[in-house]
Amino acid sequence: MSGLTRDEMAKRLAHDIPNGAYVNLGIGIPELVAKFVPADREFIYHTENGLLGMGPAPKEGEGDPELINAGKRQVTALPGAAYFHHADSFSMIRGGHLDLSVLGALQVSSGGDLANWSTGGPDAIPAVGGAMDLVAGVKSVYVITQHCTKNGEPKLVEACTYPLTGVGVVNRIYTDLAVIEVTSDGFQLVELSPEISFEYVQERTGAPLLPKQENAS
Amino acid sequence: MLHKQIASTKEAVADVFDGATVMIGGFGEAGSPIELIHALIDHGATNLTVINNNTGSGEVGLAALIKAHRVSKMICSYPRTANSTVFPKLYHDNEIELELVPQGTLAERIRAGGSGIPAFYTPTSVGTPLGEGKEVREIKGRNYVLEYGLTADFSLIKARKADTHGNLLYNKTARNFSPLMAMAGKTTVAQVQHIVQAGELDPETIITPGIFVQRVIEVDEPLLESALVAAGETYP
Amino acid sequence: MSGLTRDEMAKRLAHDIPNGAYVNLGIGIPELVAKFVPADREFIYHTENGLLGMGPAPKEGEGDPELINAGKRQVTALPGAAYFHHADSFSMIRGGHLDLSVLGALQVSSGGDLANWSTGGPDAIPAVGGAMDLVAGVKSVYVITQHCTKNGEPKLVEACTYPLTGVGVVNRIYTDLAVIEVTSDGFQLVELSPEISFEYVQERTGAPLLPKQENAS
Amino acid sequence: MLHKQIASTKEAVADVFDGATVMIGGFGEAGSPIELIHALIDHGATNLTVINNNTGSGEVGLAALIKAHRVSKMICSYPRTANSTVFPKLYHDNEIELELVPQGTLAERIRAGGSGIPAFYTPTSVGTPLGEGKEVREIKGRNYVLEYGLTADFSLIKARKADTHGNLLYNKTARNFSPLMAMAGKTTVAQVQHIVQAGELDPETIITPGIFVQRVIEVDEPLLESALVAAGETYP
């Protein structure tokens, strides 16, 4: 039982984004989502450093070091794009104008708390970027992450031990093992990855996992 | 695949409900979305709270909406302008409520509402009747009043040009409150003189990014409020 | 003893504006200031409805009803002009970026309080516009006004009886009779209009007027 | 008759004083006014508080300023980027202070400072370590933290084009914080690739109106931070 690859996780998440959505993709696995726009849908990608209508990386030699994404990698601007300054960009975020924020995670609690910016270690240089603004303002927050750490520790927990990014902000979690909704009752299974059992996921989850609702789509 | 273009002004305002808060762009006639306002009059929604810098002039556009008793409350900075007779009459007759807000505070409250900022402090109005009853706070030795963000169920604005993604360009000082109202409206409807395909506007020059605009409607030759007033026109 | 005309008052005020100043002119007599830019100086006029670099009224038939000033009269845009929205416009005002606001007055107190937006009468429609923002934010506030009302009542008073626009905000007052500075000690004469005596001005002023300082320029 | 054009980067930063607060535009290298930063290093002002989204990379530009021990405090959102080694070392050695601010709060605090708004409420950071010690207020059932405006003695920014009135246009995502910092700086210095005469820029497209800019200096072929870092360059 190996679960989904990172690309498969990204594709699964992209499947749940409605047509016309305005989406901000965090750095790392979230960036992969842009590779999997379902047929007949168009998503508008926002990057918090001042661009709506972000496109893929430029061809070799055609990039502009002043056209970058939040991860400071070169990107392109699609037809219909707009540039703006940082205050306007975060007005979009904080003001609830973006439909979806896709973020990575260190930990997610069953109450939807997210920890994704610092391990809190004494030697760590704290760096938060725009993550706290995204979770505070965007209509939906989807986390995409490996179900467990490299050491096999669960990332989905009762309560986060790392410093929080936001309280009660995560709506859904897409992992290699499952899609899980954060409900008022805690983690609820939406879908298991192929060949993955409920028990297998529960064993690797640090809080109770509610079974899939029979009537849920 | 973005479907922001609406076929008629009627359709563009069809879901404005009784009791809605509606921001209407414009400073006097400059930037006033007169065709959308007339469609709103035809539509019939009533008990509206309207946010605009003024209260219209003559008996067309915003003044006609007020005259039709559709507006229960105005939030504005300057309800008294040339040829403004409709609002003063209803105000004196206690048939319309007025919340008077300093112009810069009005602009900032709208921007705050659209930016997810629920409240802010400002030096404007401290020690004046418009600051009375408001929380005052001393910060670094100066007094400021607390003001709250404003949002709206609908924002009706006018622009010069849009693309199919809803990106907007304005004309001169007709820009005024409209980019802010676009941010603060849950549903923002823009009437524009021209709609072009996405990609035809220079992304460096966009004033309102399309994320703030839900509907665009082409009105290629918009009426001019001052010309209608001068001609003694009324609406409907 | 007739004092200055409105044009002469405006010209006198313009004489005190430094080169390169960013200036907002209120509606009425303040607008006349734009007619009197001294030789070798350039002022940049701001109108709060979204234009920096405002020029004079257009030639007959060449105006645009969407290019207007705060008084809703058609104007022009000079080379180097910029358009912006209302929040940016009042960031300029509130943020202290404008050098000078020239306003009319109903009353000015010896402490620099200004009343210029409402007589407070029960039948008046209150209308404030941008005046409260201008006096709260602009670096210097100059009032230009007739020294007395049409009924001969003083407009310069101990304490305003009309609703205030701002508290302690006026720096200088330019009237038909005199130029008066508002100091921590109250009204101080800067200059008498030709053929006007100190006593004549004092009689028409509702608060003590300090004589001109000998060393003042 | 406006004299905003300065002849040299040296002259442009000559009055930056010890202990000054300096905002520096840019998001990573995009929009970083590297020539102005190098002039500031040459100038020698020290004990600076610097506001920038990051802390520079390699040993040029902002990182070089930090390495030269001219910065006593950084206010930023993300002090940890690729090739960023100078800041971490000084931070671990307790030789530089860090005020970590969420990126959107940082942007809004700078805009507020430039707009005469001394403080505002925001939902960002509520319940997190970065909200600790801050005043929390419930507004309409949700909690917000109080944040204060930021201003600076000097803002050093980079733009694509200026006119002689100081109106600025930017390049793509190099715009980022610079229009806000221009508003918040008591003295704003813009290095630009081209200066044109007033009247040559379309007034509808100006991003930073000239009132926010006190000095412009032409640097027609600005250095590229990433290229310098890749080449192992250091400054001075």
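Order of writing sets the chain letters: A, B, C and D. Residues in each chain are counted from 1.
What we mean here is this: a residue touches a chain if its C-beta (ideal position, glycine included) is under 8 Å from a C-beta of that chain, and two chains touch if they have at least 3 such contacts.
Treat the numbers as computed from the prediction; the structure is a model and nothing was measured.
Asks: Applying the document's contact definition, name the chain pair with more C-beta pairs in contact, A-D or C-D.
Replies: Ranking A-D and C-D by C-beta contacts puts A-D first.
Asks: Would you kindly tell me how far, in whole Å, the mean C-alpha position of chain C lies from that of chain A?
Replies: For chain A versus chain C, the centre distance works out to 55 Å.
Asks: Measuring from the mean C-alpha position of chain A to the mean C-alpha position of chain D, what distance in angstrom results?
Replies: 29
Asks: Between chain A and chain B, what is the gap in Å from one C-alpha centre to the other?
Replies: 36
Asks: Can you list the residues of chain B that touch 2 or more other chains?
Replies: Counting only residues that touch two or more other chains, chain B contributes 108, 111, 115-117, 122-123, 170, 172, 204.
Asks: Could you check chain C for residues that touch two or more other chains and list them?
Replies: Where chain C meets two or more other chains at a single residue, that happens at 51, 77, 83-84, 87, 90, 93-94, 136-137.
Asks: I'd like to see which chains touch which, written out pair by pair.
Replies: Touching chain pairs, listed by label, come out as A-B, A-D, B-C, B-D, C-D.
Asks: Can you list the chain B residues touching chain C in their complex?
Replies: 27-31, 77-82, 87-88, 91-92, 98, 100-108, 110-111, 122-130, 170-180, 207, 224, 226
Asks: Please give the residue numbers of chain B that touch chain A in the complex, ascending.
Replies: 1-3, 111, 113-117, 163-165, 167, 183, 197-199, 203-204, 206, 209-212
Asks: Report the residues of chain B in contact with chain D in the complex, numbered from low to high.
Replies: So the residues of chain B touching chain D come out as 108, 112, 115-123, 137, 139-140, 142, 144, 148, 169-170, 172, 202, 204-205.
Asks: For chain C, which residues are in contact with chain B within the complex?
Replies: Interface residues on the chain C side: 47-51, 64-68, 72, 77, 83-87, 89-90, 93-94, 118, 123, 125-133, 136-137, 163-167.
Asks: Quick one: which bits of chain A touch chain B in the complex? Just the residue numbers, please.
Replies: Where chain A meets chain B, its residues are 19-20, 22, 40-42, 44, 46, 51-53, 77-84, 87-88, 90-98, 136-137.
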